[in-house]
Structure formats: C-alpha cells, structure tokens
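This report refers to the structure that appears directly beneath it.
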Amino acid sequence: MQITVLFFGKVADTLGERQRVLDFADTDMSLFTLRQSVLGTAFASGALSRERVLMSVNQGLTQEDRSLQAGDEVAFFPVFSGG
Amino acid sequence: MQITVLFFGKVADTLGERQRVLDFADTDMSLFTLRQSVLGTAFASGALSRERVLMSVNQGLTQEDRSLQAGDEVAFFPVFSGG
Amino acid sequence: MATVETLLLPQALDGQTLYRRFVEANRGAGAIVTFSGRVRGETADGAVSHLWLDWYPGMTEQSLTDIAEAAAARFDVLALLVAHRCGEVQAEDEIVFVAAASSHRRAAFEAADYLMDRLKSEAALWKREIGEGFARWVEPTAKDADDLKRWT
Amino acid sequence: MATVETLLLPQALDGQTLYRRFVEANRGAGAIVTFSGRVRGETADGAVSHLWLDWYPGMTEQSLTDIAEAAAARFDVLALLVAHRCGEVQAEDEIVFVAAASSHRRAAFEAADYLMDRLKSEAALWKREIGEGFARWVEPTAKDADDLKRWT
C-alpha cells in the first residue's frame, strides 16, 4: 500500500527532505512501525527526540497505535510554535 | 472679589445656565458659602442633590471647606460619566 | 519613557486614520492593541439618535492626560494614544479610540484595557442620551465601578 | 452566530487594510479590539533578519479556524478575524492580526486576548529565527504555556 509521508519544521530540516512516498507490501501497519522505519535512525543518533515528534494522519493529530490504510497522508513534526 | 462660576452636565441643565460671574464685597469666603448662594434653591427644591454635586476650584477637584480668592474659577458638576 | 498622546475632539473621531498613524509610528513595537468604541443606537430606554458629551475645557483634557500617564507609568509600554470625542456624537459614530504599543503582548492588552476602564469612569465628561421622546443624563454604572476595581 | 474569518497568508499581511475592512463591516458593534504583532528584530541570540514559518497546507488553516471558532463559542462577540503569516517574514513585518467586535468591551478584549494566547501555542506553525550567524527552531516558552492556562 502507498503512504505519503510529510515532514515539517525541525523534522524536515534534520532529514533534509519534506516529502517521501512509500510503498509497503504489508497492508496491516501501525503508525509506530512507519515512524520507526522513517525516523528510527534520527532517533537512534539523537538528532530527533521521540517525545518531541508529533504525528498526524490525514491532517488529524494521532498516536502511534493508529493503524494505516492505503492512501493515508502521514506527517511528522515538532510541537507547534505558533506565531 | 470677582468669582467666575461654571456649571456642567445636569447641573447646567437644572439651572438653565452655564456660567455666572459674581462679585462679592466679602473677601473671605468658603466654597461652602458660594455653593449655598448659587445652588441652595436647587438643593432645597430637590432639583439637585448636594451629595451628587462635585466642585472644583481652578480646575482641581476640591471640598466645601476650601476658601476662595479673587479671580478663582469655580465649577459645579455631577460625577463624571466617561464615554 | 513611553510616548503619550491624548486628543479631545469636538469634531469627528477617525479611528482608521489614528490607527494608521499609530501603527506607522510604532513599527518597532512587537505588539499593538487598539480599542474603538462607538455610540450604541439601542438602550433600555429605546433608540438613541445621539449623545451630548458635555465637557469642561482644560479640565477634561487634563483628565485624559492623567489617565494616559498613569497607564504609561503602570505598564511596560512604548507608546499610548487616547482620543475621545466631546460635544454631539451621533449613534454609530466613534466616541473613543485607544492604542497601546509594547514589546510584550500582555502589557499592550492590559494597558488598553486599563485605559478603557478608567476612561469610562474618570474622564471628565458628562453624557446625555437623546432619543425619540427621551433624554437623560447618564451616570457611571455599578459595572463601571466593578471594572475599575480590577486595577486596585 | 458570530461571523468568523481566518486567513493564512504566505505573502504580506496588511493589518491597516484588514483593520479598515473589519471596522467598516462592524459599524453596529459598540466595541472593537484589535491586536497586531510584528517580528521583533532583537532576540537573546542577536539581531534577527527574518523568520521562516513552516506550515502544513490544510492543517494550518484548520488550526486557525478551530481557534477562532472556539473563541466565537466562548465569548459574546459579533465578529472575529484572524490573519496569520506563513513562509518568510522579515523583521518588523506584521506576522499576525486579530480583531474582535462585540456589543461589550470586556468580551471584545477577552476574545482578542484569548485568540492571541491560543495562536501562540496552538497555531500549526513551526518558527525558525534566522539572523547574522545563527538560525534556530523556536519552541513555545513556559510563558506561552502559562498564558494558555489563563483560559482553562
């Protein structure tokens, strides 16, 4: 299944990219798994902190136990900083 | 001695005048005496209430025991109502 | 020291022009709060066509200045502007415009709020509401007194 | 039901035009409070030349709408306007403009104050300060969190 992943703020900066389109053979996948696949290296190196990265699916804030469906738009970003 | 007396708001309305220039033979006079001379009738008739009439001398709020001098500008008016 | 300007206007108060002028003069301030008040056309007594704001030339200007200077001393502001009408003011016309510029948004909000509460009770003005079949001198309400107590 | 308008602007935010428009549209309101915020040129790190406000198209607009609608539900207001920049914003440029119209001055003040406190913490924006020799992503401060708690 295809998942579009977006990055904003410091997360985008750290990864050096703003968007990635991923295709998974597995059609039963949690946000937790996706996050590990995409941000695991940055978490491991300390470049990003797991606690400080928020997640949304189809523009709604959500938690890591959320399961994903084909076509979902996922985003990873820091806490909002407002204006 | 000459005293200019000004009236504002409801006090001016009740008296039907905004300014009066008075000349007193007496040069030793308190604001209390002046007020009685100018507003005594309106107080007596109930048209104005003594407690609700404020006083100023030369544009500074003051009390009835204030003594007056030649050339003073006295004013009588209700409590301010702001905008 | 904050820049303080007060205006007592017997003629029209043009808040839009005052807004533009204040904003242009305070481009370095991080935060600007403004308040614009208009004469309400409706009261408990019925439709108001206009107000008469009686004033005491000299003393009324001084009361606006005193209130603005107290605000400047109390809050961390860069500039304050107070403009108030006097004389005849039509329903829906602007009667007061207040602006506060500060480096901090909370100080700007508080200064504008404080200015309005004090103006409502302590500006040396006497207000008469005139409408179809009635006219009355207005005194400050209990609410105005409560608003003022917030700052003591 | 209050009129609520929100604008997310990748280009210049012209508060003076928004002020004029809002005032003209709400001449029947007794009280209008506005807030205008500009990018400060100085921070603890030194002179800031500009900000980058990263945003998530769709979600960011929705966050502004959610905040404005919460304010409209909470306060007795006739109209609210929220305009916020995104993208590159130069020092001293306007970054946010908020306006609240009400029949009551207290409600207008509170609605504008509330909008600003929530925008500072909950608008879906990510702020980067760029200056001579430094650039950093900014997170909400403890003060921002305290400001937000005033409304809970």
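Here the chain labels run A, B, C and D in written order, and each chain numbers its own residues starting at 1.
Convention: a contact is a pair of C-beta atoms (placed from the backbone, for glycine too) under 8 Å apart; a residue touches a chain by one contact, two chains touch by 3 or more.
These numbers come from a predicted model, not from an experiment.
Trainee: Remove chain D from the picture; does the complex fall into separate groups, and which?
Mentor: Without chain D in the graph, we get A | B, C.
Trainee: Go ahead and note the Å separation of the Cα centroids belonging to chain A and chain D.
Mentor: 27
Trainee: Distance between chain C and chain D based on Cα centroids, please, to the nearest Å.
Mentor: Distance between chain centres: 24 Å.
Trainee: Which integer distance in Å separates the CA centroid of chain B from that of chain D?
Mentor: The answer is 51 Å.
Trainee: Provide the list of chain D residues touching at least two other chains, using ranges where the numbers run on.
Mentor: As it turns out, chain D has residues touching two or more other chains at 37.
Trainee: Which residue numbers or ranges of chain A touch two or more of the other chains?
Mentor: Residues of chain A never touch two or more of the other chains.
Trainee: Each pair of chains that touch: what are they?
Mentor: By the stated definition, chains touch in these pairs: A-D, B-C, C-D.
Trainee: Which chain A residues qualify as touching chain D in the complex?
Mentor: 6, 8-10, 12-13, 56, 59, 75, 77-83
Trainee: Which chain C residues qualify as touching chain B in the complex?
Mentor: 37, 53-56, 58-59, 62-63, 84-85, 95-96, 119-128, 137-140, 144
Trainee: How about chain D: which of its residues touch chain C in the complex?
Mentor: 15-16, 19-20, 23, 27-41, 92, 103, 105-106, 108-109, 112-113, 116, 147
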